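I'd like to ask some things about the structure below.
Chains: A, B and C, in written order; residue numbering restarts at 1 for each.
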Amino acid sequence: MWQEFKQSIVVSIWFVFLTFPLMVVRVNTMEDLVEWRWMNIAWVAIASFLLSYLWRYMLARKQVRKKVEEEGGDTRSKLQIMLENESLRFKAMGVLLVAALVYPQIFDTYQTTIMISALIYVVLGLGLNINVGLAGMLDLGYVAFFGIGAYTFGILNHHFDVGFWMMLPVGGMVGCLFGVILGFPILRLRGDYLAIVTLGFGMILKVVLENWGSLTFGPSGIANIDKPGLFGLDLSLANHTIYIYYIMIALVVFTIIVTNRLKNSRVGRAWMALREDEVACIAMGIDMARTKLSAYALGAFWAGMIGVVFASKTTFINPASFTFMESAIILSIVVLGGMGSILGVILGAFILILLPEYMRAFSEYRMLIFGASMTLMMIFRPQGLISGLRQTYLYKGAKEEIDNG
Amino acid sequence: MAENKHKLLEVKGLTMDFGGLRAVDSVSLDVHEGEIAALIGPNGAGKTTFFNCVTGIYNPTRGDILLHPKEQKTRRLNGLKPNKVTEMGLARTFQNIRLFQGMTVLENVMIGRHCRTKAGIFHAILRGKTFREEEQQIVESSYQLLEKVGLGDSANEFAKNLPYGAQRRLEIARAMATDPLLLLLDEPAAGMNPQETSALDQLIVKISTEEKIAILLIEHDMKLVMNISDPVYVMEYGKKIAEGSPQQIKDNPKVIEAYLGEEADA
Amino acid sequence: MDYFLELFFGGLTRGSIYALIALGYTMVYGIIQLINFAHGEIYMIGAFVALIVAGVCTIYGLSGVAILILAGAVAIVYAAAYGYTLEKIAYRPLRGSPRLSPLISAIGMSIFLQNYVLLVQTADYLPFPRLIPDFAFMEPVAHIIGSPELVILVTTVVTMILLTLLIKKTRVGKGMRATQQDMNMARLVGVNVDRVISMTFIIGSALAAIAGVLVASYIGQVNFYIGFLAGVKAFTAAVLGGIGSIPGAVLGGLVLGWAESFSAGYISSDYEDVFTFGLLVLILILRPSGILGKVTKQKV
């Protein structure tokens, strides 16, 4: 007791020291002003004192969980157990789908717009989940493919008036093509190097978009991109938003079905095996290059396709939308939700995108919390909020054998 | 006794250098159909490096690795990627167990079926009849393999939650799922207690006789292999120092010296 | 010729900054095989703390080189403290986790620290007081190399010499070298590995802070975002020289500095960053062991 108290006091003093210059002093060297915010010392002291208790408690809990797991015990959360029940899962999904369908009829255009961007992140998260969650390839430049999709649509729409529906699959395929081209040379790389190379890709794309003015219109971007057409009808802004919303719902459902099918297939299992152990994977006869490339290119496909929707929704794109921060947001969706878990990623996207929208106080601290949550999840809950559901298979022949014998 | 049997794997003068270090020095070794051959030797003798060369993880500096499948063309395995070697019919286990820890026991074995099945991305998305049939066939055959190694009841557990001995058996089942002609086992009994070891010995003999898969196993402890293996090859300091029946090996002064020397060092 | 020399010294200055930051990456990677993604943020915090100290001093009427040294000292202490805390909170609990976990944690910390500084300070670029005087003796060569550049070069050289002595001669340095060779073996022979790792973070962070102070007083402004780009570039330098190798980090930093300086001077500066990232991508793909790094064989 006393020991813990002393420890927390030390932590508290340490953090007061650590945060002193940055949190207490604020200089404005332009106007020669110094601001002293002494109250912050108290806040830091109290917060770090309490958090150190919480930290120790969480670490202890993690140890207990680990021990229970080693002894073959069950450490799944209630939510997890509920979700592993298949019929319950389908019912819940049905309810959610109905709710999603009536949503724009109940809420106004503003709410629908916010929901559209959350849905965009759901698809981006599910796409990145193929790379990071299933195949274990940490892609820090995922936004590059998103940008490629958006710009492909923006440029072709600007010069040749190509419409949204035409471009939706084309955007995906262009993303996929770039995935193959960029993915090819990096397949041999180790996990952390691959992460940095993909980060490099993302940065390169942004600089190219900014500087290749003749093609991309530079930092000022491309404006007046067409919204999706509906049999040539002239829709009002509100109706257009609703229309795009339904397009997104359809895309989300499509993405969920496809990624779920991929996950539970020969290819998906190979991805997961690759994530677990590369050497064992190739020793079991899996072609590593091919498997990695398929994951990378498929992840890129979703980003490219959703880039088209994004460009069409905002009608304006510029390089500022495709920064590393955007990649980091998508990554934290996957990490928070649960790497490899489709339901987890969906939940992660809603939490991380909707929470800052609805809680204004929260929005200022958005990126701060994203960053902290990535670290905290890695330490305390690496499987994410919802971990990948365990796939069980029915074996007929073998069962009969047991029944007969 | 080996003369009239079909020669399956033929390794001739295999040499592996790491920089200036010669880990394996012109080792030759044959495995015939139906055999349980053993490669033994003290720690650091180069046994695992030899395995890694044969299975394509390292590209050997010199030498030939030839596979003679029955009624088929002889194939040279040098320089092939590990997955190609596995496709040719060599499957292996690892000294330090390398299972796919976060996947279920059954899924681990299903991965072994990967190179014998075909369904691609589009099949997976469309889920046609062929896909579903192939998928079911993967599940069935994998489950049967699990039954064979005695893990049928744990099919849906996570691999990481299996006890140690069961993990070793799962590795064997996973390797067998690739339909190998030859199974290479790297210290399969390492870390096992005597009961587990004898169960493992029985399993290996069963695989050899019932499944007609030839086996090459590495063992550090020579007592363990003497009951089930013939022939036995002995390596020390990267060189092959002896080969023959277990009895011949036991009586070979060089082998005795190699093992005694090690005990004296320890 | 003068233009060439100007670019040469410009590249040298830049390169030595990259080298100072790259050392932190390379030392940490050498010991725990982690790309400390938040290292650039430590550099930024060093620069920011220096700005605060120097700013407060100048506003209260003090100035001169002494202030720069004071600001530098405080920045070093704080950067080291942040580096130490970072390791303890975000990386130590993840030892033995899958390889990508600490990297993701590091990315999280990078984002966190950036936004922490953004929130408690400002999003604006703040001017850094001019504290390095123009030395009279530099007059004749001022069009090729200015006084701030000279200060940067001299500081870097002195720091490098001190670092070399620290690693070659002291107990801590020996522990670091032993841990780098084989962590388990080092632990067996009585090296306190946890302390060595902490020390590595402290030293690496202190070096980054030195770079931060030098850059801030050279460029003349500081912002919460400066760490990201500098971090990626310094990492490029570390990889270029061979990650894990200390002389490699210095060599990589200099090569990158010159490459950037000459390509911007003779070709175009529009695509300067593309050039750096392209270089990073190419080295990682073609020769991930860098110029001086050892080719490690995969253990099975």
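Criterion: a residue touches a chain if its C-beta (ideal position, glycine included) is under 8 Å from a C-beta of that chain, and two chains touch if they have at least 3 such contacts.
Treat the numbers as computed from the prediction; the structure is a model and nothing was measured.
J.: Looking at CA centres, what chain is most distant from subunit B?
T.: Most distant chain from subunit B: C.
J.: Counting only C-beta pairs in contact, which chains form the busiest pair?
T.: Result: the chain pair A-C has the most contacts.
J.: Calculate how many whole Å lie between the centre of subunit A and the centre of subunit C, each centre taken as the average of the chain's C-alpha atoms.
T.: 30
J.: Can you work out the whole-Å distance between the CA centroids of subunit B and subunit C?
T.: Centres of subunit B and subunit C (C-alpha means) sit 48 Å apart.
J.: Please compute the C-alpha centroid of subunit A, do the same for subunit B, then give the distance between them in whole Å.
T.: Each chain reduced to its C-alpha mean, subunit A and subunit B end up 41 Å apart.
J.: Quick one: which residues in subunit A touch 2 or more of the other chains?
T.: In subunit A, residues 279 touch at least two other chains, as defined above.
J.: Two or more other chains in contact with one residue: find those residues in subunit B.
T.: Counting only residues that touch two or more other chains, subunit B contributes 57, 94.
J.: What residues in subunit C touch two or more of the other chains?
T.: 298, 300
J.: Residue numbers of subunit B touching subunit A in their complex, please.
T.: It is residues 55, 57, 81-83, 86-87, 91-92, 94, 98-104, 106-107, 110-112, 114-117, 119-121, 123-125, 127, 131, 134-136, 138-140, 143-144, 147, 152, 155-156, 158, 161, 174-175, 178 of subunit B that touch subunit A.
J.: Going by the contact rule set out above, which residues of subunit A touch subunit C in the complex?
T.: Touch residues, subunit A against subunit C: 14, 17-19, 21-23, 25-30, 32-34, 40, 59, 136, 138, 140, 185-186, 188-193, 195-197, 199-201, 203-204, 207-208, 211, 279, 324-325, 328, 331-332, 335, 364-365, 367-368, 370-376, 378-379, 382.
J.: Which residues of subunit A touch subunit B once you look at their complex with the stated criterion?
T.: Subunit A residues touching subunit B: 69, 72, 258, 261-262, 265-270, 272-273, 275-277, 279-288, 294, 298, 390-398, 401.
J.: Which residues, counting only subunit C, touch subunit A once they are in their complex?
T.: Those residues of subunit C that touch subunit A are 33-35, 45, 48-49, 51-53, 55-56, 58-60, 74, 78, 81-82, 85, 89-90, 93-94, 97-105, 107-117, 119-122, 124, 126-129, 228, 232, 235, 239, 270-271, 273-274, 277-278, 280-281, 284-285, 288, 298, 300.
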